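Dumping the structure here so I can ask a few things about it.
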Amino acid sequence: MNKDELKNMLTMVANGTLSVDDAVTKIKLQPYDDLGFAKIDTHRGVRQGADEVIYGEGKTAEQISKIVSHILENSAKSVLITRMSEDKAGEVSRCVPLHYDSASRIGIAGEIRKKKDTGNIVIATGGTSDIPVAEEAAQTAEFYGNRVTRLYDVGVSGVHRLIDNAEVLSGAKVVIAVAGMEGALASVVGGMVDCPVIAVPTSVGYGASFGGLSALLSMLNSCASGVSVVNIDNGFGAGYLANMINKI
Amino acid sequence: MNKDELKNMLTMVANGTLSVDDAVTKIKLQPYDDLGFAKIDTHRGVRQGADEVIYGEGKTAEQISKIVSHILENSAKSVLITRMSEDKAGEVSRCVPLHYDSASRIGIAGEIRKKKDTGNIVIATGGTSDIPVAEEAAQTAEFYGNRVTRLYDVGVSGVHRLIDNAEVLSGAKVVIAVAGMEGALASVVGGMVDCPVIAVPTSVGYGASFGGLSALLSMLNSCASGVSVVNIDNGFGAGYLANMINKI
Amino acid sequence: MNKDELKNMLTMVANGTLSVDDAVTKIKLQPYDDLGFAKIDTHRGVRQGADEVIYGEGKTAEQISKIVSHILENSAKSVLITRMSEDKAGEVSRCVPLHYDSASRIGIAGEIRKKKDTGNIVIATGGTSDIPVAEEAAQTAEFYGNRVTRLYDVGVSGVHRLIDNAEVLSGAKVVIAVAGMEGALASVVGGMVDCPVIAVPTSVGYGASFGGLSALLSMLNSCASGVSVVNIDNGFGAGYLANMINKI
Amino acid sequence: MNKDELKNMLTMVANGTLSVDDAVTKIKLQPYDDLGFAKIDTHRGVRQGADEVIYGEGKTAEQISKIVSHILENSAKSVLITRMSEDKAGEVSRCVPLHYDSASRIGIAGEIRKKKDTGNIVIATGGTSDIPVAEEAAQTAEFYGNRVTRLYDVGVSGVHRLIDNAEVLSGAKVVIAVAGMEGALASVVGGMVDCPVIAVPTSVGYGASFGGLSALLSMLNSCASGVSVVNIDNGFGAGYLANMINKI
Amino acid sequence: MNKDELKNMLTMVANGTLSVDDAVTKIKLQPYDDLGFAKIDTHRGVRQGADEVIYGEGKTAEQISKIVSHILENSAKSVLITRMSEDKAGEVSRCVPLHYDSASRIGIAGEIRKKKDTGNIVIATGGTSDIPVAEEAAQTAEFYGNRVTRLYDVGVSGVHRLIDNAEVLSGAKVVIAVAGMEGALASVVGGMVDCPVIAVPTSVGYGASFGGLSALLSMLNSCASGVSVVNIDNGFGAGYLANMINKI
Amino acid sequence: MNKDELKNMLTMVANGTLSVDDAVTKIKLQPYDDLGFAKIDTHRGVRQGADEVIYGEGKTAEQISKIVSHILENSAKSVLITRMSEDKAGEVSRCVPLHYDSASRIGIAGEIRKKKDTGNIVIATGGTSDIPVAEEAAQTAEFYGNRVTRLYDVGVSGVHRLIDNAEVLSGAKVVIAVAGMEGALASVVGGMVDCPVIAVPTSVGYGASFGGLSALLSMLNSCASGVSVVNIDNGFGAGYLANMINKI
Amino acid sequence: MNKDELKNMLTMVANGTLSVDDAVTKIKLQPYDDLGFAKIDTHRGVRQGADEVIYGEGKTAEQISKIVSHILENSAKSVLITRMSEDKAGEVSRCVPLHYDSASRIGIAGEIRKKKDTGNIVIATGGTSDIPVAEEAAQTAEFYGNRVTRLYDVGVSGVHRLIDNAEVLSGAKVVIAVAGMEGALASVVGGMVDCPVIAVPTSVGYGASFGGLSALLSMLNSCASGVSVVNIDNGFGAGYLANMINKI
Amino acid sequence: MNKDELKNMLTMVANGTLSVDDAVTKIKLQPYDDLGFAKIDTHRGVRQGADEVIYGEGKTAEQISKIVSHILENSAKSVLITRMSEDKAGEVSRCVPLHYDSASRIGIAGEIRKKKDTGNIVIATGGTSDIPVAEEAAQTAEFYGNRVTRLYDVGVSGVHRLIDNAEVLSGAKVVIAVAGMEGALASVVGGMVDCPVIAVPTSVGYGASFGGLSALLSMLNSCASGVSVVNIDNGFGAGYLANMINKI
C-alpha cells in the first residue's frame, strides 16, 4: 500500500464509504505479515512510498506465487518481481496474472500503472551486453509510472555517439549510466549533465574486469560530481532510486 | 557562472545595460580558461548548475589562490575549496577573502549564498569520528543554499537513537548516511525513509576495515532500496549530489 | 564418548557392572582409531565435550557410512553429519538409521537426545535466503539438546521487525545472527542484547558481496560489543559454539 | 549504570531512601545524553550489562575527560578507556582520577571493581609481540571482575609449550587466543579445550601477513570447533565477550 | 635423459660399444625437439637431473600420447604425467604402456624405477580431503625412487595425533605438509622437526578459505623456521622438490 | 653506447682513426661492468637502442654519481636519472654536470640530444595532480630526441576539453594518457585516435582508488582498441615505449 | 571504411565516376548506424584506421549475422569476429561467407586482405596452453595484412629456447609475449629486443595464478623497458595494437 | 644448545668431567626458560639443529640484551639477531660483544663459527635494491658455517648476465633467488639448475607491485620445478632453510 492508496482509503473512511473496522483490517496493527517462511513488510508502501518488490532469485515459483497473492489481496494493486527465470515466470503465471519480460527477467503481477507527468529518466549503456541490466532499471522505473528514454550502446570509445545525444541527456531529470569493463560512461555522462547520475557497474567483461570490480571502482572514483553508485548488476536498485528522485 | 547569473547577464544585454562585446568577453567562446597549469572549466556552472569547486589536496596555496582569483573575476561569485589544510588556508586568506572551517577543512571564497526555500537534507553519522566527513558534506550542501539537519553519533549498535529520530529522518528530502567500520547505518536508515539515501563510507576503523573497504562493501550491498554510494570519505560528493536532488 | 558417558562407564566399573578389561577396550589407549582413510578422533568427546561430527562434503556415501558405524559401535550414541546431499543421505540411510533434513542438509544417526533445561538460543536471519545456513546452526544446537527459537527474515531494512522482537532477543542466552549482503543484522542485534552474539556471514547476495566477503567484513567491524564471527556459511560452527556457551 | 546499580537504586526508591523524582532524574527518559559532539548511551549498562566504554583513538584528551566526567556523575562508577596514548592519559589524569597501563594503552577512571567468583579466562599469545593486544583483552576482562590467567609466548612452532600448559587450558571457562603471522594458535588451542575460544588476529608480522589478514583468514578457517573471531587487534572486543560468556 | 644415462652412454662411446655418430644422434645438438605444437626439452634430464614430466591438464589424450612416445624413444626410460583424467588415461594407455593412479590422477609410462637407498620423505595431511594432493606428491617422489611415509589426517585440531607421530616425523629427511583451511599443519610440523618442510596449501575449505588463499598465506607466514611453500594444490612441485633435497 | 655510436666507432676503426685494441677496450667482451654493488649493462644501448637509464630511488647520491661517471666515461654521452629527489640531485651535481627538473624529478647528465625529425608524441593528463607523472614521461621522450605536445588537465568529466583538442590528438604518432581516479581518459582518447595509446594509471585519488588500482583496472579493461598499460605512476616506462614506437 | 577506401571514393568523386549524392550516402552524416540493438560505429574505419570488429561473446548468431551483413554492405570489405564458438560460426556461415579458425575462435567474413610489406610481428608463448590466446593475436594481425612469426612454447624455465631464437626476436618490429602462470616471458623477451613488447597475460595456471592475476601483475612490474600490457587473455587487443605500431 | 654441544656435554658426563647434577641444570627438564616477557625455547637447538635466533623488530635493546645474555650463559655459544636497527645494535653492544652488519641489519653475539666443508649456497638478486634482503640470507647461512657465493644484480631483463654465470649456478647445492618487481628471476634460475631454488620475493618496486605481492605470486606460479617460496623480504628464512638443505 503506497501513500496515495492510504490517503484514498482514509478519505473513504472519512466520508463513510469504508467502515473503521475494515480500514483497521487493511492497515493492520503489525507492520508485517508472517507467512511462515517470510515476513512480508506490508507497511513499506507507507514508509518508503513503494509497493512490495520481490527478489525472485533463490525463491521457488510456489513461494513467489504465495507472496504475490498475499500482497495483491492485502496491501497493493501490483507487484514487481525481479530476477525471475523464464521457467519460474511460466509457473507463477498459472497462479496469478503476470506480465513477463525475458530481457530484464522482470515480472509484473496485478494492474499496470499509468505514466505520471514527471521528468524524464534517461538510461544509457556502454555496450549491447549491458542491456539486460539496463532493462531491469528501465522496467522498474516504468513500473512506478516514470517516462524512460533508452540510449543504448553509447560507450565512451566512440564518444561522438554521446556528444550527438547531448540534448537528450541534458533534458533528463535523472540519468542511469550502465556499463561494464572500464565503466567510464558514468564519468563522461556525469560531466555532461546537470542532474543526478546513478551509476550501475555490470559484470560484463573478462580477465581483469574481475566480475564487475573494475567498473565498480571506476564509478566510485568518478571525477565528475553528482555521480553515485549501486551494486554490480543492480538494475532494480537504480530504477527504484531514479523513481524516488524523479518524484521529488 | 551558474544558470541564474547567465540569465541575468543576458537580460542586461537585452535591455541594453551590457554591451554585446562585454557579454562575449564574459561568456567566452572556449568553455575553459588555460592558466598554464590548469584548464579552468568556466562553463561548468552553466552545464552542471554549480560553480567551480577546487579540490585543495595536492595543490599549493599559491595555485589555489590563483585559481580562486581567476574564477571570482570571470565566472562565479563564490568558490568552494575542499580538503585544504589549515596552513594553506592561512596563506590563501592573505590573497582572497576566505571563510575557513577546520573540522571539514573547507574554505569558501567570495560571497556566502542565501538559504533557498527547498527541502531539508539530513546528515547522519554512525559515530563521532565520522563527523569531519559529515561536515564536508554539510558545508558543501549549505554552500549551495540548502537547509541541513545534523544527526551525529546515531550508530546502529544503539538503534534506539535512530528510532527516536525517526520523525526527523522521515521529514528529509534527502538523507546522507556517513559511517565507517561496518557501515550498517545506511541500510537501517534506508529502511526508515521514503527518500534517496546517499551513503558515504568512511575510513574510520582499524584492522579488517581495510581503510573503509568494509563500510564501502556493506553500503553497496545494502538490502534497503533507495541507497546509493559515493567514494570512501567523499563528503563533498555526497553534499553536492544531495543539493542536485534537493533542487529537482 | 562425552564426559557424561565416560562418568557412567567409570561408575559401572566402580560398582562392578563393567569389567576393567571391557572398560579399557572402550576407552582405548590411543585417542584415535585408524580406519585407513581417516583417523577418527575418539577422545574428542572427552576432550571437547561433544560427540564426533562428520563433515559430509567431499566424502562418499560409503565413507560416511563406515565412519558413522565405527563411531556408533565404539564411542558415541549419536552422530551428526553436516553438508550431506540428499542423494548421499539416501545411500547412507540404507546402512545406518538416519534422520535427514534437506533444508539444512544435516543428518543425524543414532538416538536423538533429550532437550536439556538450559537457556534459550535465538537464531535470527536477515532474509529468507539465509535460512539454510540458519537451519544448519539450529539443527546442530538442537542435536546437543538446546532449546532454539527461530526469528527468520528480520533484516535491518525493516528494523521494526527486530524492535518488535526485542523481548525474544533479550531473553536469549546466546544469539546467532545469520545474514548475507551487508551483514548489518549482527551489529543491530548486538546493540539490543546483553549476551554473546555469534555472527554468521552467508554467501547470499551478488556483485560486490563477493561470495560473502562483504558480510564477513561488516560483522568483523561490528560497532556493537559482544559480537564474534565464524566462517562464511558456517552454520554448524555457530550452532556448536552456541551449545558450548549455553552449557557454561 | 549496570543492572546491579539499577536494582540498588530501585530498592532505595522502594524503601523510601530515594525520592521518585530523583530516581527519574537518574534513569532519564531518553536513553542517551547529548553532549553536542557525542550521544552518550546511558542505558547501555542496563541493556547490555556493561558500563560505558570509551574508544580513545581519534578523541582529544579534552573530549575524553568530558565524557568520562559525565558518565561518572550520571550512570556508572567506573569507565574503561581503550587505545589512549600515554600523552592523552597524562592530560586526562589531570581532570579525573585515572589508572593507566601503557602496555595495553588502557585507562580506568573511577573505582576498581572486585574480582567476581566466576570461571577463569585464559589468554594465550603466539609471541611476545602479541602481548599489547593480549593485555587489552586481559585488562578489559579484569575491569569487569574476571579472573585472568596469562599464557604468553606459547606459539605453535614450539608446540610443547602448549602441551605443557594443557592443564591450565583445560581449566579455563573461556580461552582468548591472540596471534599474528599465521594465526595457527587458535586451531591448536581449539582442539585442546572444551570451552569457547575467542580468536584475536593481530597485525604482528610483515610481508604476506598483510596487516593481519593472514591470521584473520586462518582463524576464520579453523578446523577446530568452538572458535570464533573478532577484528584484527581487537583485544577489547575479545575481553568484553569473554566476560559476557563467563557471566552466564 | 638423466645424468646417469648420459654417463653410461659416454662410457659406451669410450669403450667402443657405441659409435660417435649414434651418440650424436642421441644427444642432439639442439636441446629441444620441435613436435610442432610443443618444444620438448630433451636436455632437462641433463640440466635439471630429472626426466621430462608432462602436465596433463589442457592437453588432449592424443597430444599426451605423442609426447610420451617421443620422449620414450629419444631421451628417457619413463615419463610422469600429472593431472590426467581417468578418461584420458584410458585413451593414452591404448598407445603406450601406462600405470595410472586415479586418486592422484598420475600416470607413469615406461619402466618403474627402483627405490634408492636415500632418506625418508614423510608426507602429512591435515584432513582426508587433502589426500589427492598428497598422493600427487607421494607418487612423484616415488617415481624418482624415494621412500615415502604417509601420515594422513593428522590435523592440528587434534594435535595429539601429531605428537604421537613425533618419532616418524623426526626420522624424516624432508617433510611435505599438505593442508587446506587454515593451513596450520606446516607451522606445527615445522616446529617439531630438524629438516626442510615443504608446505602445500590446498583448495580444500569453503567461504573465507578463498580457494586456498587462507592456507597459502598461513604457510608463508609460518613462525617455524625451515618452511617454504609451493603453489596451491601443487603436489607435484612438492614431490619433485623433496626428491631434489633428498638426493643431496 | 647506442647503435649510432657503435657504427661511428667501427667506421673509425675501418678508416684507421681508432686502433683495434682501443675499440676492443671500448666494446668490451663482457656486456656488463661490475662496479661491486651494481653490474652496469653496457650493451643495452646496442641491444635495446637506448642508453643506460638509472632508477634513482633507493640509491644514494654517491652511488648515482659513480654509476653516471662510469657510463659517461665508457659507453654513452648522456645518462637519464629518474625518481631522484632534489637533495640527491644537488649532491650529484657536485660530481657530474646535471640538468635537473624538480616536477618530474628527472636529471640528465652529459650532453642534451638534438630533437629528431620524427612524429609527435602527445601526452594528456586527466587532472593537474597527474602532471608529475606526465612530466616523467615527457622528459624521458624528449631525452631520446622526440617532439612532445603536452595536453594537461583534459579529464573526461569535461569532455569538451578533449573534443576541442581532437585535432592535436589525431596528429599524434603515439599518445600517452596519464590519469588517476577512474582512469577513463585512456578509453575516451583511445576512441578518438588512430595510433597507439599508452595508458599510465597514477596513484592520484583517495579511498576506493586504492593507490592507483582503480585506474589500472579501468585502463586494462578499456573498451577502445589500441590501448596498452604500464605500471602505476610509471611515466618513464611510457616515455621510453613511446620513443620506441615513434622511432619505427 | 578505412582511410584508403575513403581516399579512393573521394578520387572517384573528383573524377566524376561517383556522384556526390552516392558518396554522401556512403559516408553518411551520422557516424554510426542504429540497428536497434546496436549502434554500429561506421566511421571507426576512418577515425581509427581499422574496419569494424565484432566481439562475438554474448551475441547470438543471428545478431552477429545482421551486424556483419550491415557492415559488408555499407562500410567495409571484411569483418573480424572474435570469441565466436564453433556452433555460432556454423550458423553465421549459413548467412555470410566466413573463414573460421577454431583454435583462436576467430571468424573472418568478406574478402581476405593481402599481406602488406611491413615489418615482422613475432608472437611468443610461454607454453602450449597459451596458444589459443596467441592465435587470437596472430589471426588479428594477419587480418590487417601483417607478417607474423610464431614462436610457441619458449617459456623461461628453459631459457635456452629463447636464446636460440634471439635472432628471430631481434628481427621483429613488434613482439607479442603471451604467458600465464608467472608471466616472466615478457621481462626476459623485453630485455632481448630493441622494439615494443606487448605483454598478454593469460588465465592459464591454477591456484595462486588467480585467473591470470599473477601473470598480469608480473608483466606490469616488468623490469625491462618497452613492455606494456593488455587485459588477461586479450589476444585481439594485442594483435590490433601490434598492427597499429607496425603501420607507423 | 645444538646437537654437537649436547653430545660433548654428555661425553663429559660419561667420563666424569661433568657431574650429573650440573648436566641436569644445563639441559633442564622444561624445554624453555621463562624470562617473564618471553619463553626462551632452549631445546630448539636439539630439536631443530639450530641455536636460538632472535627476531629483533619490536623488541627493545634492553629485551634483546637480556635474551642474548640468557642464551649465551645457558644454551648456545652464539646468537643471531635479525632486523635490528643500527641504534639498537649500538645499545646491545654495550652489554654483550656483538658483530653488526648494517646492510643486512644482522647482529651476531658470541663466537663466530668456522666454515663447514659443505656445498656451496649461491645467492642471486634481480637488482641492487634487493641486496639488503639477500645479505640477511647470506649472513644467516654464513652464521651456520656455510660457504656463500653472491651473484647480485643479475635480473632477467639482461638475461646474458645470468647465462654468463651459468657455471657458478650449476655448481650450487642450493640457490636462493631474491627479487622484487616481477620476480621472474626464480623461474629463469630454476630452469638453469639441478638443485633446490628458494625464492624470496622482496617488497622492492612500486605501484602494482603491491608491497611484494606481485613477486610473491610470480614465484608461487613458477613454471620451473624445484622452486619453493618464503615470505616477502624473509631473507633469514631463506638462509636458514638453505643451511638445512646443505647439511643433508
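Just a few scattered comments:
Lettered A, B, C, D, E, F, G and H in written order, each chain numbered from 1.
In the analysis below, a contact is a pair of C-beta atoms (placed from the backbone, for glycine too) under 8 Å apart; a residue touches a chain by one contact, two chains touch by 3 or more.
For clarity, every value in this text was computed on a predicted model and none was experimentally measured.
Between the contact lists of chain A and chain F, the overlap consists of B, G. Taking A-C and E-H together, the pair of chains sharing more C-beta contacts is E-H.
Same interface as D-E, judged by over half of the contact pairs sharing residue numbers, among the pairs A-F, A-C or B-F: A-F.
Taking the mean of the C-alpha atoms as each chain's centre, chain B and chain D sit 39 Å apart.
Distance between chain C and chain H, defined via averaged C-alpha coordinates, is recorded as 45 Å.
Within chain C, the positions touching two or more other chains are listed as 158, 191-192, 207-209, 213, 216, 220-221, 225, 231-232. Chain pairs that touch one another are A-B, A-C, A-F, A-G, B-C, B-D, B-F, C-D, C-E, D-E, D-H, E-G, E-H, F-G, F-H, G-H. Here chain F touches chain G in the complex through residues 47-50, 53, 119, 173, 191-196, 198, 216, 220-221, 225-232, 236-238, 240-241, 244-246, 248, going by the rule given at the top. Partner chain B is touched in their complex by these residues of chain F: 128-129, 131, 152-154, 158, 160-161, 164, 204, 206-209.
Across the complex, chain G meets chain H through its residues 126-127, 155-159, 162-163, 181-184, 186-188, 190-192, 205, 207-210, 213-215, 217-225. On chain C, the positions that touch chain E within their shared complex are 30-32, 37-39, 41, 43-44, 57-59, 63, 201, 203, 211-213, 216, 231-234.
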